[in-house]
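Listed after this line are the structures, all set down as structure tokens.
Two complexes follow with subunit A in common, the first pairing it with subunit B and the second with subunit C.
The block that comes next holds the complex of A and B.
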């Protein structure tokens, strides 16, 4: 084993022996460093999943985050990316069966963070659609790097907004809700989507042609407002550009 | 009602109608991304802890300002309003970092 690997191996496990190349005064300092590594990762999760933390309470969240950190070393030096596996970890906890919406709330918080840090990219303008009026049926769109959609069996949008600055009260969490996250300029926008709008936008994001996506929207609900959803998609900045016929 | 009668078949004309309605409506509401993008970084106007860039762990600027109107921390404001906005004590915002109101 390389020296670095031996040094790193004990960092996340308080019961592991101090690596043998650490000598003299260093074992105590290694213990301090080991503690700081875990605390740093727990703090990162607290900052990255504020609504999940509020739902679970600070003490419970801290214990859960510590257990997660000891099993999941960061994969990137950028700590604002830390916790990619956290939603799945939450979903797998038997103790959390009373919080069935928790993993989806965590996924949305992750989507929010990715959107915040996504590249600044020009968004699709209404004029781009006007110029393509002769081939609307087969139009396809390139998603903006900040765009995120999720359809949940729970009221994720209501739960998220109530627990990120709201009063924490959600009247009816057990109703399906979809959420759209975009960042057309500097500010992240979180929008609740009716099922038809989600069906339409998710199809377009997956690369479907406009006519096919519209069919999906109406299949999800006869009340689908096609014009209103196209307007939303332009104003929210879901896409960056049209995909031209040669696929670029 | 049979399946064939409930199944909607889109025509180019129907899509064109919807897209035209969408485009004209969005021009009227003028909340286009281009308008939203017209913001500028304004130094010395944020309340303590309310400076912009709060976005999870590792972002060094995340709500870190220690005093009100801290001169070296910034906040996004509507373009053109930074240097003219009214702030307590006759202070003004600046497009460049300021040396006033730095934490001790």
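The block that comes next holds the complex of A and C.
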């Protein structure tokens, strides 16, 4: 094994011996590197998943984050994206069966982080729609790079709001809720979506024509307000532009 | 309706050109931006960790655009893994290049360390043995970085907690040889000198006497934590979480007395205090710099 591989082998493994090429075999010296790496990764996960941390408590989260980091070290130095595998890891923890919504909350926090760092791209404006009014129902839309939607069996929007600056209290977490994340300027906006609005926007984000997406909306709920949802989608900045006939 | 247009970035504007700040600067923390802009007395420059600005857009870039309009910005990489056995990450180099193009940093620096092995990124500055083989690798990597960025790189001396049986030369010999062969210049971290000297039982003054001070273009100062190893030997940790230690200020003044004033950064990355506290550390460096203002190195005077 190369020197670097031997040095790296113990960085995430507290039971590993001091690498043999190290002259100063006092374990606490090599342990400084191990500690720096571990503490840094735990801090990165804390920064990326603040609501999950609050739900689990600081100490429990830190233990879980350490265990995750040992199995899934980052593959990129862009630590604000670290933790792609964290939601699935949370879902697989037997000890967390009392928190069935945790993985979805983590997915939404991931969406929040991606939106925060997404490219600065103009959003579709009401005027762009007005210009295409004669063929409105055939329009397709290009999603803004910050846009994220998720439909959950749990009240993810309420749980997220309560645990990112709120009082932490959610009356009824076991009700389905969908969430929309957008970033029309520099501030990330998190919006709770009724099921029919989610059905409509998710279809549009997938590339459906407006008529087809509207059908999905009405299928999800008779009270679907098409005009109101189009207004919401423009205000929130879900899309960057229309997709023209040639597909651009 | 309210306009949702993204404001034009400073991207396509010509950025202000500043003279070399023979002053102190501070590591930029986003939470300080309001206080920094409201502060009538400006520091000499700000330095940012390149990786924090490698997202595509959003608030981080908006803040850095704003800062760059008023201040020289120094770009400091922490993840290039210049000392690594493997090849440099081309995607990372390309991201770095985009930052250099966008922000026109006053200087660009990186570490004599590694952080990536295979696909795993270890977010720390890991040590290298000072061998001829590692020297050749580091020189090649710096050459690649300097070509990719179109800039001279400043290489920073590390804080270390271990040494290696395989080392064939001293750290100062190694650094001098890297600079000679690659054409890079140097970032002298005086706290790192003190930390490593204490951890490995040599006099920091001896290290500085051997260090090629004429190649130093920037100085870093930071606070360190004090611990002990298993044998009861003092083990200093480069923690960046407190004020600069008195011994480090003394060493710093000795360097400036020899070298003349050069840009000096206060790093404070953990337990970050209010802006006024960080600023007072920068003020303390400015007092030392101004005491030696008349010693300014002729070459630096010319550059400013």
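Convention: the second predicted complex is superposed on the first by the 241 of 248 C-alpha atoms of A that agree within 3 Å, B and C clash if a C-alpha of one lies under 4 Å from a C-alpha of the other, contacts with A are read in each partner's own complex, and residues count from 1 in each chain.
Keep in mind that, in the parts below, a contact is a pair of C-beta atoms (placed from the backbone, for glycine too) under 8 Å apart; a residue touches a chain by one contact, two chains touch by 3 or more.
Just so you know, these numbers come straight off a predicted model, no measurement behind them.
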item	value
Partners on subunit A (subunit B, subunit C) - clash or fit	clash
Touched partner set for A:121, first subunit B, second subunit C, both or neither	second
Touching partner for A:184 - first (subunit B), second (subunit C), both, neither	both
Subunit A residues touched - subunit C or subunit B, whichever exceeds	C
Which superposed partner A:28 touches (first subunit B, second subunit C, both, neither)	second
First, second, both or neither for A:129, with subunit B first and subunit C second	first
Partner chain in contact with A:137 - subunit B first, subunit C second, else both or neither	first
First, second, both or neither for A:80, with subunit B first and subunit C second	both
Subunit B versus subunit C as contact partner of A:44, first or second or both or neither	both
Subunit B versus subunit C as contact partner of A:227, first or second or both or neither	first
Touched partner set for A:214, first subunit B, second subunit C, both or neither	first
Set intersection of subunit A contacts, subunit C complex versus subunit B complex	44, 78-80, 116-117, 123, 125-126, 184-187, 234-235, 237
Footprint of subunit B on subunit A - complex, ascending	43-48, 78-80, 82, 113, 116-117, 123, 125-126, 129-130, 133, 136-137, 184-187, 210-211, 214-215, 218, 226-231, 234-235, 237
Subunit C residues within the subunit A interface of the complex	1, 4-7, 9, 51-52, 54-62, 78-79, 84-86, 92, 114-124, 126-127, 129, 161-166, 199-200, 227-231, 233, 235, 237
Interfacial residue positions of subunit A with respect to subunit C in the complex	2-5, 7-8, 11-12, 21-24, 26-30, 32-33, 36-37, 40-41, 44, 73-80, 115-123, 125-126, 145-146, 183-187, 234-235, 237
Contact footprint of subunit A on subunit B as seen in their complex	8, 10, 12, 15-19, 21-23, 25-27, 29, 31-34, 36-37, 39, 52, 55-59, 62, 76
